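One chain, chain A, appears in both complexes that follow, with chain B as partner in the first and chain C in the second.
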Partner chain A sequence: MSRIGEAIGAPFAPVRTFFRRHRSLGIFVGVLLISIALPLITRVPPFDGIQSTNAWVNAFTTAAIYAMLAMGLNVVIGFAGLLDLGYAAFFALGGYTYAFVASPFTGVHLPFWPMLLAGGVVGAIFGVLLGAPTLRLRGDYLAIVTLGFGEIVPITLMNADKFTDGVNGIGGIDKPNIPGILQFTLTNPWPMYGLVIMLFALIMIMIYRLEDSRLGRTWDAIREDELAAESSGVNTVIAKLQAFAVGASIAGIVGVVNAAKITIVTPDQFRFAVSISALAAVVLGGMGNTIGVATGAFIIYLFQSILLKQLNTLVENFNIPVLNQIDFLEFQYVLYGIVLVLMMLKRPQGIFPAHRRMREFGPLKSAKRGSK
Partner chain B sequence: MSAAKGKPMLKARGVTRKFGGLVAVSNVDFEIPRGSISAIIGPNGAGKTTFFNVIAGIYAPTSGTIELDGKPLISPPTGAGREPILLLVPTIPFIGLAIYFLIAIGGDTGLVEGVASVSVALLGFVCALLLNIVRPAWYNRVIKRIGVTRPARPNDMVEAGLARTFQNIRLYKSLTTLENILIGMHVHMRSTFLGALFKSRQVREEEAAAEQRARELLAFVDLSGMENELAKNLPYGKQRLLEIARALASRPKLLLLDEPAAGMNPKETEEMTALIRRIRDELGITILLIEHDMRVVMGISDHITVLDHGEKIAEGLPKAIRTNPKVIEAYLGRGAAAGH
Partner chain C sequence: MVTSSATTGTAQRLAAGLRLPIGIVAFLALSLAVLGIDQFVNALTLGAIYALVALGYTMVYGIIELINFAHGDVFMVGSFIALFISSSLLGNDGSITDLPLLAGSVLILFALTIGIMALVGALIERLAYRPLRRAPKLAPLITAIGVSFILQNIIQFFFGPTIVSVPQLVPIEWSIQVAGARVPLLNLFVIATSVLLMFALQLFISRTRTGRAMRTTSMDRDASSLMGVDINRTIMITFLIGSGLAGAAGVVHGLYYGNTTFSLGFQSGLKAFTAAVLGGIGNTAGAALGGFLIAFVEVGASAFGYGRWGGAIVFSLLVIFLVFRPTGLLGSHTGDRA
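Then we have the complex of A and B:
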């Protein structure tokens, strides 16, 4: 099997070596090609029968937003080995930051583009705030504290109704625009799609660069053996805070984009389920592998939002007794559970294991069979 | 011979470390002459590894001070009760700014003003928190004036020129040998967060140079050709060598080796002894080792210190230690010493 793969790949060898040397360019071109291919595929049956191309593009945009979240979480969990179950909190803080400065609720209307950066800064600040008291914690204990933080933030946002309008959330958030050239609207998903794809490529390039840098190596060291890392001269305190800050700032930026896309933020959008879906994507894709994690998030999102919806209409159309009483969309959390359990049992390294993790868990079964 | 040259590399004065009621190290005075190979020996549970860990900054001493290369680095922490002030004081200007801001707009706290002033105060708190965690050198100097001192952390000791290996090898097991060494070089690399993001020329050059030096270090401990091997897949003896290479990567002045020859066969032990000598002679690094294998200790040490029950019972040249009745008693018991 691998031989066939090699035969197919042979003509592309020079291309591959070129992109290995210029990885950032490779990521950019790859993301661009996929982002062009995806809408084209939806024009082909059976996909065109499911929903309109615009609805598909909208779904891809949301999927890419989730993929960015998962990539950010992967920095904390996959690189530095810090189990963070409250990741949605930073997503919420980014979203509310933008909602405060660009909605009729406060009457302030700042432009979107600088707020992207501001969302990142707010995320990083809260990342440090969460990271600082939890520096000594490891494993389960850290997971519990972060879980608590993830609950505190939406609950605070819900109860501080003077500032956040409580459960109603803040609506009518400004859409981004490029003055004189392009105005983003709710009906046209394409500009937002383009924006999210660009951001996706940018974040992926940045994460890959960090992973290969001196900082990325300190994260590796901490994940492997913290005491040894300290004795190698790594300031573990700072390195952990940096991991928290980088992960949280990505969530903050994505939160701003998400708020601008759906034009409303409510505390309910940021409950535990968001953290868990990001975690499921990280585990499904393969901890520590940025591209794998992004793909995992894409798969999970499309599965829950397209396939489960399709299952509903299918069952309704055929009018199957009992089954047509069930709303399959409500089963998405069951889906996360099943994904997490199955992955842990059958393939703990994820669908696309990180380079290192693959060696750690030994060669894949299919690869073994292929070589015999 | 080498002891005469200049100040000692490491000077410990009155070092005591207690764990609850147990005194693991008790009032030990200790000096390592520059350029020497020194050894600490003693029966099991004598406090050798605890003493090691105090020197390396892993445990803060209960009392006593340690100087490395003339710099006082480790002393017991003081003024812990005053630490909350450290968080509060730098925040006050920010809170003041927030209040001034609220007064300036006429005391009419609307929604935006409220959120803005709270975030200014929060920003101040985060700055104070970060200062307290990151602890730049000037900050340490300032807090020393109000009586708050903290012992150096292990990474500070590495920066000051100390490197160590562990009794039970602690490599980064699922990283390659090359990556293990690159992490060891961490303290001497200057690339910053932004530099890594934009992959500046300086960062690229530094990475290339680091990789080059890592390969040289692997060659020094005779591990060439194993650059891409995972650390955990190396045989035991080679793992020890890799750990030493990783310690050397931080360009130490003083290298601490915790039982470097433990679990090795006679041939490997001989090679290890030769390597330790080469580290001192070719790289000019002062070495302190803990070792149970007396052939190794007696063969290479210029200077031996004996610990028993946390106390220093003897020190001197190998020949003198071998015949010291106190040492024999510690190892073999009173009867054996008397019969000798």
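Then we have the complex of A and C:
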């Protein structure tokens, strides 16, 4: 098998060496190829029977947004080893930031592109604000504090209805446009798809470069042994803050894009379940492995929004009496739960384990580490 | 000289020991004055429920240092089991005015629900937490979140996503007059039940052999194992008791509010966890204290017209306490383990 594989792979060897040397370019080309291949696949049976190509592209856009969220969370959990359970809060802050400056609600209409950065800055600011006092806490306490923060943000957005229109949220958010060239619309999913894919590639490149940087190695050190890292001269508080800020700013940017895509933000979009869905993607894909996490997010999203929906129509078509009453879409939450429990019990390193990383979650038998 | 310094030492110790009871009495008097007797009784009742749930969090954390995220949902499942027993098995659909019948029904309700939930809790421990006993700390926390989601979904599957009404067995009309105000017997019943259970728990932990095993295990698991304590059995008993108490809280919640919903466990569970942290996690008396404190904060907030902000205020308290006083009001330092 492997010999055949080698034989087939042989002509590509120079290509592989080239992309190994220029990895950012490699990621870019890879993401581009996949993003071209995906819509093509949906034209082939059985996928073309499920929904129109436009609907598929729309679904892929949402999946990519979700995958970016998971990649950002992976920086916090997978790289720095900090369990953040309130990640959706930063996503919400990004979305509301854009909604405030680009909707009829406030009457302000700032252009989309600079706001993309502003969303990241807002996310980073709140990440630092939350992180500065809390990052001294032990792992599980930090998880609960972030969870509390993740609850406070939607509650505040819900109750401060003078500023946010409460439960109704802010609608009619501007779509991005490139003046004179391209106007994004709700009916044509392709421009948004292109935008999200570009952003996806950029964020992935950024994360990979961060991982290999001095900061990335610092995170490794902190995750594996905080005390040792600290005694080796690493300023752990600053490094953890940076992880928080990077993760939060990615969530902020993605929040802006998400708000521009669906043109409405409501507090309900950012509940605890969103944070947990991102966590499930990280755990499924393999903490610390960026591509794995993105794939995990993709699998979970497609499973819940395509397969479960298909199950609904299937049951309706065959008119199976008992199952007819069930809305399978509601099972997405149990899906997160099952993913979290089964993965932690059976394969804590994820389906695509990060190389030489997450030994923390390595084989349980050899491990008494971690519980000093 | 020596005697005088000894006396000051004793006086200081006495003052330190009295600080808490005096603080509690002062707090109660203040809230009674501010809230009025109706709201005061409401807060005590709510606090009793929170305290029962908080005990489960604090016991489990004390013994295996795990934030049992699913505990709030165990409480929620308890309220649904109570609903099922009360309406389907016993066939109730409203209050019972016949006293012996009422007492019998309530007793059966408590016994069955506590028993079933204790088993459910122990089962969760066996399946989801025990295999990860030696794993890094975040691993069981993540499975706990998973279990929480699974429990919510199972209940949603059987009972639907809406608020379900629960038969209120104790008639709401029954009440006594206290200082000119009408205090429903139901509230007193809830408070009395919780306090009784809490005292029973204290006795169990401080007086029995198993209770002592629980205390030593939480102090030093390896050492108590060497002294012949069966660690797995002790941890399982902790889960049995904690979940049983959550089941009792579920019964009480149904009787008091007359409704329940599948998402009850998340909100109330987080508040009960806050209570446990407030009192000093790992400390059973602290959990009870924290439960009442949280309830007073929440009832106070709604008395002043900030009811919608109740949740945000409680979670802010949680964040503030975890950051500035992670040992809580009564807790001792548990050491820094990541």
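For this structure, a couple of remarks:
Keep this in mind: the second predicted complex is superposed on the first by the 348 of 372 C-alpha atoms of A that agree within 3 Å, B and C clash if a C-alpha of one lies under 4 Å from a C-alpha of the other, contacts with A are read in each partner's own complex, and residues count from 1 in each chain.
Simple rule for what comes next: a residue touches a chain if its C-beta (ideal position, glycine included) is under 8 Å from a C-beta of that chain, and two chains touch if they have at least 3 such contacts.
In this text, all values refer to a predicted model and were calculated from it rather than measured experimentally.
Considered on the superposed chain A, chain B and chain C are sterically compatible, since they fit side by side. In the superposed model, A:228 lies in contact with chain B only, and not with chain C. In the superposition on chain A, A:16 contacts neither chain B nor chain C. In the superposition on chain A, A:148 contacts chain C only, with no contact to chain B. Taking Cα centres throughout, chain A sits at the apex of an angle toward chain B and chain C that amounts to 70 degrees, reported as a multiple of 10. The superposed arrangement places chain B and chain C with a least CA-CA distance of 13 Å.
According to the touch criterion, the shared surface of chain A, contacted by chain B in one complex and chain C in the other, consists of residues 360. Put simply, chain A touches chain B in their complex at residues 24, 100, 105-108, 125, 128-129, 132, 135, 162-163, 206, 209-210, 212-218, 220-221, 224-225, 227-238, 241-242, 356-357, 359-360.
Residues 56, 58, 111-112, 114-115, 122-123, 126, 129-130, 133-134, 153-155, 158-159, 163-164, 166, 170-175, 179, 182-184, 186-187, 189, 191, 193, 195-197, 199, 203, 207, 230, 246, 249-250 of chain B touch chain A in their complex.
Within the complex formed with chain C, the chain A residues making contact are 81, 83, 85, 133-134, 136-141, 143-145, 147-149, 151-152, 155-156, 158-159, 226, 272, 276, 279, 283, 326, 330-331, 333-334, 336-342, 344-345, 348, 360-361, 364, 367-368, 370-372.
Residues 65-67, 128, 131-132, 134-143, 145-150, 152-154, 156-157, 161, 266, 270, 273-274, 277, 308-309, 311-312, 315-316, 318-319, 322-323, 326, 336-338 of chain C are the ones that touch chain A when the two sit in their complex.
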